[in-house]
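Read from first to last, the chains carry the letters A, B, C, D, E and F; within each, the first residue is number 1.
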Amino acid sequence: MSARRMLVVGAHSADFVWRAAGAIAKHTAAGGEAVVLALSYGERGESGELWKDPNQTVENVKRLRHAEAERAAAAVGARLETFDLGDYPLRIRDEDVDRLAALMREYAPHVVLTHPDRDPFNPDHPVAHTMVATARQLTAGAGVSSGFRTAPPSEFLVFEPHQPELCGFVPTVFVDITDVMLAKQEAMASMGAQGYLREYYTQRADQRGNHARRVTGDATIRQAEAFQRLIPNVVGAL
Amino acid sequence: MSARRMLVVGAHSADFVWRAAGAIAKHTAAGGEAVVLALSYGERGESGELWKDPNQTVENVKRLRHAEAERAAAAVGARLETFDLGDYPLRIRDEDVDRLAALMREYAPHVVLTHPDRDPFNPDHPVAHTMVATARQLTAGAGVSSGFRTAPPSEFLVFEPHQPELCGFVPTVFVDITDVMLAKQEAMASMGAQGYLREYYTQRADQRGNHARRVTGDATIRQAEAFQRLIPNVVGAL
Amino acid sequence: MSARRMLVVGAHSADFVWRAAGAIAKHTAAGGEAVVLALSYGERGESGELWKDPNQTVENVKRLRHAEAERAAAAVGARLETFDLGDYPLRIRDEDVDRLAALMREYAPHVVLTHPDRDPFNPDHPVAHTMVATARQLTAGAGVSSGFRTAPPSEFLVFEPHQPELCGFVPTVFVDITDVMLAKQEAMASMGAQGYLREYYTQRADQRGNHARRVTGDATIRQAEAFQRLIPNVVGAL
Amino acid sequence: MSARRMLVVGAHSADFVWRAAGAIAKHTAAGGEAVVLALSYGERGESGELWKDPNQTVENVKRLRHAEAERAAAAVGARLETFDLGDYPLRIRDEDVDRLAALMREYAPHVVLTHPDRDPFNPDHPVAHTMVATARQLTAGAGVSSGFRTAPPSEFLVFEPHQPELCGFVPTVFVDITDVMLAKQEAMASMGAQGYLREYYTQRADQRGNHARRVTGDATIRQAEAFQRLIPNVVGAL
Amino acid sequence: MSARRMLVVGAHSADFVWRAAGAIAKHTAAGGEAVVLALSYGERGESGELWKDPNQTVENVKRLRHAEAERAAAAVGARLETFDLGDYPLRIRDEDVDRLAALMREYAPHVVLTHPDRDPFNPDHPVAHTMVATARQLTAGAGVSSGFRTAPPSEFLVFEPHQPELCGFVPTVFVDITDVMLAKQEAMASMGAQGYLREYYTQRADQRGNHARRVTGDATIRQAEAFQRLIPNVVGAL
Amino acid sequence: MSARRMLVVGAHSADFVWRAAGAIAKHTAAGGEAVVLALSYGERGESGELWKDPNQTVENVKRLRHAEAERAAAAVGARLETFDLGDYPLRIRDEDVDRLAALMREYAPHVVLTHPDRDPFNPDHPVAHTMVATARQLTAGAGVSSGFRTAPPSEFLVFEPHQPELCGFVPTVFVDITDVMLAKQEAMASMGAQGYLREYYTQRADQRGNHARRVTGDATIRQAEAFQRLIPNVVGAL
């Protein structure tokens, strides 16, 4: 039987680390495959530290960010893909959507993760959401026979944004990441350009761990990540 | 290891049949235990057929409704409990909430199902919801050490109401009930007093089956039931 | 054929005037019957002018408010009923709900109007809403044969509160009251105790008239009242 | 006096059949005119059956879908218009919006029906909604004198999507289609390419009929269609 | 210390007058600076009076509207900027967003006001909102060091639309404009082309004044304007 | 001029510490007065540590919790009041609401803080909210002259619950508590019975501080608390 495939799409190359590295690590630890797709390198909006070097160039920033993201992906067992579409602003053309749909038809992910559709603090995150949602629909077809190649409908979830309430984010799933927290920390450590976020997301994992303990009464949960499922899931029993 | 325990609470003795009989049957077929609690017999609001007999009495209606519900519960492998609190209106006193909380502490269910908190067509359903939600919170405590006996927090879902959009119901889980549909039909057939609803809920199971197929691409799903989870679920991997 | 019957329930004796006098006048002008039910006289919360008389008594305030409300009701062709349940706070017992349900079964209204279910500026309005919504459900039964007397389900709308956005009020129906605006003004003039609201609600009628013109392009509409329908309406054609 | 005009806009040529054929038939039976506009033929996303023929061509699929839609429109007394903009994805340019606005100014519909603005299962439906909503606004102008030709503001409703709760659809109007159900069935029978949906939407009409009976207490209603009004309607009396 | 800077962006040259002239006047009266940016002149959608002159030209309408808006801006102490992007429809290209972002980086406003993101009665207002929201995000950067010039994040509010409930507008701030009401009236009087709105918005200011009195108990408030804050405000104490 | 008065109402004696101690300290540091009202001591639900002593009694738990809360209140300059209404469940009678309204009329707070109206994890918090909201409305009257003593309407905000998104909490105000963080820590340290929450809420203050920095660009903010305003605030300028 083939492995379960996960596709994680971030607007910038570091997004998957803060928001989903734990869930990716759990997925790959359980034998699943994971592809992380970075739509841009965040070379303008999220690489300010690198730009403090007066001789810095866009190409070099991208190169460094690529290497960081690759190390972080490796730390959680995922493979990195990049579209290099630019950031701040990320602007998507029809052919970019088609390219993502083609990737989805080829990879046929069982589960897709991306940003929520609203974020008053980041112009690129909702653009990425719309791109992923549209490509996913084009991939699956209308639920009836189609006149083009399709892949089965994937599960579709959004990961936690930086200020969740202001993005309309309401968690519906907590993933217990206690036993892969070291891998997430290693992934976070790889992102030199945004090192200051590392403490923030370590705290966040602790707090979501507290929430998950509260929901279950299971005291062994120490860290968790929060996700919101956009499509009902289908189960054999409750 | 002990079996997984499900508690299904309906305002009236027939509610669990139309809305959750399939999920109960799947649960018990998988080795779980299930208790169905009827807060009332629906003896006033939902037993009009029985009242066409000019010699009918309240006690006899309750007796007949109890027997029907017991047969229906048996058809899906559940045990029936009744509180006989009256219907149209169902009015709850503090001691009724305490009685339910005591039952929950004793039974310690892993999953609890009941009505949504809003229903413009039924005055008793939201009352039942509030009673269950409160008793469940009193059972679990505050997530910290308590000065009273508690049971672990249960999963908490609401089942599908008759006019879902007008009750604010948005499905988050579809249970595939294809292989227990006969048991659900048997349970529905037990409810002589409301036989006219049988066709309606057979169609509904087909339609939710269609939705679940559309979500998954899995053509083997023929019937489903829809539920809305009120509390995030905690999982080991997506 | 019998006339179409409207029931308008206000927490205080003046509520129907500001919020629905135009719609009542249109209804009775078209041959309909209307009953206005005041749950209280607003004798504490909305009769401050009368209390400036140092010899004022509660009984006298109620008497004066009753007379005013009767004149206002007459101005729009309605009959006044009163429950005298007290205000600020209006507190409802089970027997009050039953009394209203009995009135509804007797009167069998085709359409029921009352306050929205939320109002951060008035503690009595949501209480009135809940009472009406519950009594209405008890009146109609469960849509199946019942073991008690019922009346057919009525249309159910809420009228405009004082600060609509903060009460979650979203208009779904505008009633053109242009040709009964004089009757509404006469009704408002009857409410001596709250004369200062007259200008406010005259302006409001103009503004809703502007909105209704904008919606239809019909320049003959000068004044309107806004309502929100809580239950879908059933029509023969769009 | 001229007939009341209805415009129904679907992303694909079959959409109007499942979602609004009954309301169209009622409208035309009452002496109204109806135009059905298909933005695409659904030739890629919803014509899979036709593509099983190895010699199939896009032009032939469109030709067959056109003929089917024309028969279905005729069955409910409507005239078919087509824009042939392509599907999966339907992508709209500014000139397509202008073309629709021109059609609206010319036809001056009293009521416009289209898809809701959200649909996690179909990428083309929200695109169609946005196109219709924008064109409708451009047609009506700003409610003040304009520097261009306008038509009066139309009533604006959305029809029921396939999974209503997941599209944010909340019905506000049920149209009783009992006496035109045969015409709707004939329209559905015309759509050879999607025959498997016929049973689904026959059940759906029964279920909405049940809801409409529940709302009114009128036992003569057997089938209905559900719609959500996006703009308040203006009435002479409640 | 430099003055506090306000930027008000309207889709059409008259929008700021009806919706925010009072708040602008208060701001400048308190020593602040204000720039009003008109994305278009409303030359097609909101200048119908001018088009009654059979010799009218687009260029002349724009010239007249520019002069009016300049007088109105002056009346409240603001400076007018115009982008002349066309109206009905207002269509925005990427370079228009970049132009606005450049203006924002240069002007570095402390507070930005514009239209809400939804308006079923005006196709241009939501377009303006999206443009402003995006440009504002591009101006501020990601809250981390950026590879491009930024300005500090501004406060961000939307002003009141014509039919607030139907635009999802919920006021969170009332600005007491009592002592600048004359300036607002002068600004409104400057807008010859839309003189008929003057009475409407005078009434509206009275009504919002009533609401603000009700919220505070402060009887000195006579007129107010309503705004909705989209981003939390940060304060030193409550 | 008299000091600005703040009233903070918690269901249990420790609630104000975790959720509002910083805002209270800022308020009193600015010369304001603050009263903290504990509706119960949390003696059953939140004092589990104390109950580990086999000789523990309810009266002793209350005595210890009273002393702790008094120390915590003192640490932030507030005075403690207690109603001792019991917890798990907190059940409110009409006379309890009247008692709180009497306190509010006497104290005449300018600002009132309490729990949100929804909390799936705590049965007592929404009960406290409803009690406070009702008492506040009874205190202020109807915005017109009343037949009873009133106090001016207060500002009304809710503080942050433990799992904000699941309580419908959306922050609208961040209070910068950087310079009183030590006082908040001292208040937290006073609550021996719930010491394990101290680290959680220290992290939370850091995270809200991060959010407040992001909103303002002000790097001096280190810690913050989040609140949601339920009633618009009225200001002299933006």
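Throughout what follows, contacts are C-beta pairs under 8 Å (C-beta built on N, C-alpha and C of every residue); 3 or more make two chains touch, one makes a residue touch a chain.
Bear in mind the structure is a predicted one, so any value in this text is a computation, not a measurement.
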Joint neighbours of chain F and chain D, given as chain labels: A, B, C, E
Common touching chains of chain E and chain C: D, F
Selected interface, C-D versus A-F, where C-beta contact pairs are more numerous: C-D
Self-contact between copies chain B and chain F, residue sets same or different by half: different
Chain whose Cα centroid lies at the greatest distance from that of chain F: D
Rounded Å distance between chain C and chain F, as computed from the means of their C-alpha atoms: 37
Multi-partner residues of chain D (each touching 2 or more other chains): 121, 143, 162, 166, 171, 211, 214, 231-232
Each pair of chains that touches, named by its two labels: A-B, A-D, A-E, A-F, B-C, B-D, B-F, C-D, C-E, C-F, D-E, E-F
In the complex, chain E residues that touch chain F: 6, 23, 26-27, 29-30, 32, 111, 113, 140, 143, 152-153, 155, 157, 171-176, 211-218, 221, 224, 226-227, 229, 231-238
Footprint of chain B on chain C - complex, ascending: 94, 97, 133-134, 137-138, 141-148, 156, 230-232
Chain C contact footprint on chain B (complex, rising order): 42-52, 61, 88-89, 91, 120-123, 162, 166, 194, 196-197
Residues of chain E that touch chain C when the two form their complex: 121, 162-166, 169-171, 200, 203-204, 206-207, 210-211, 214
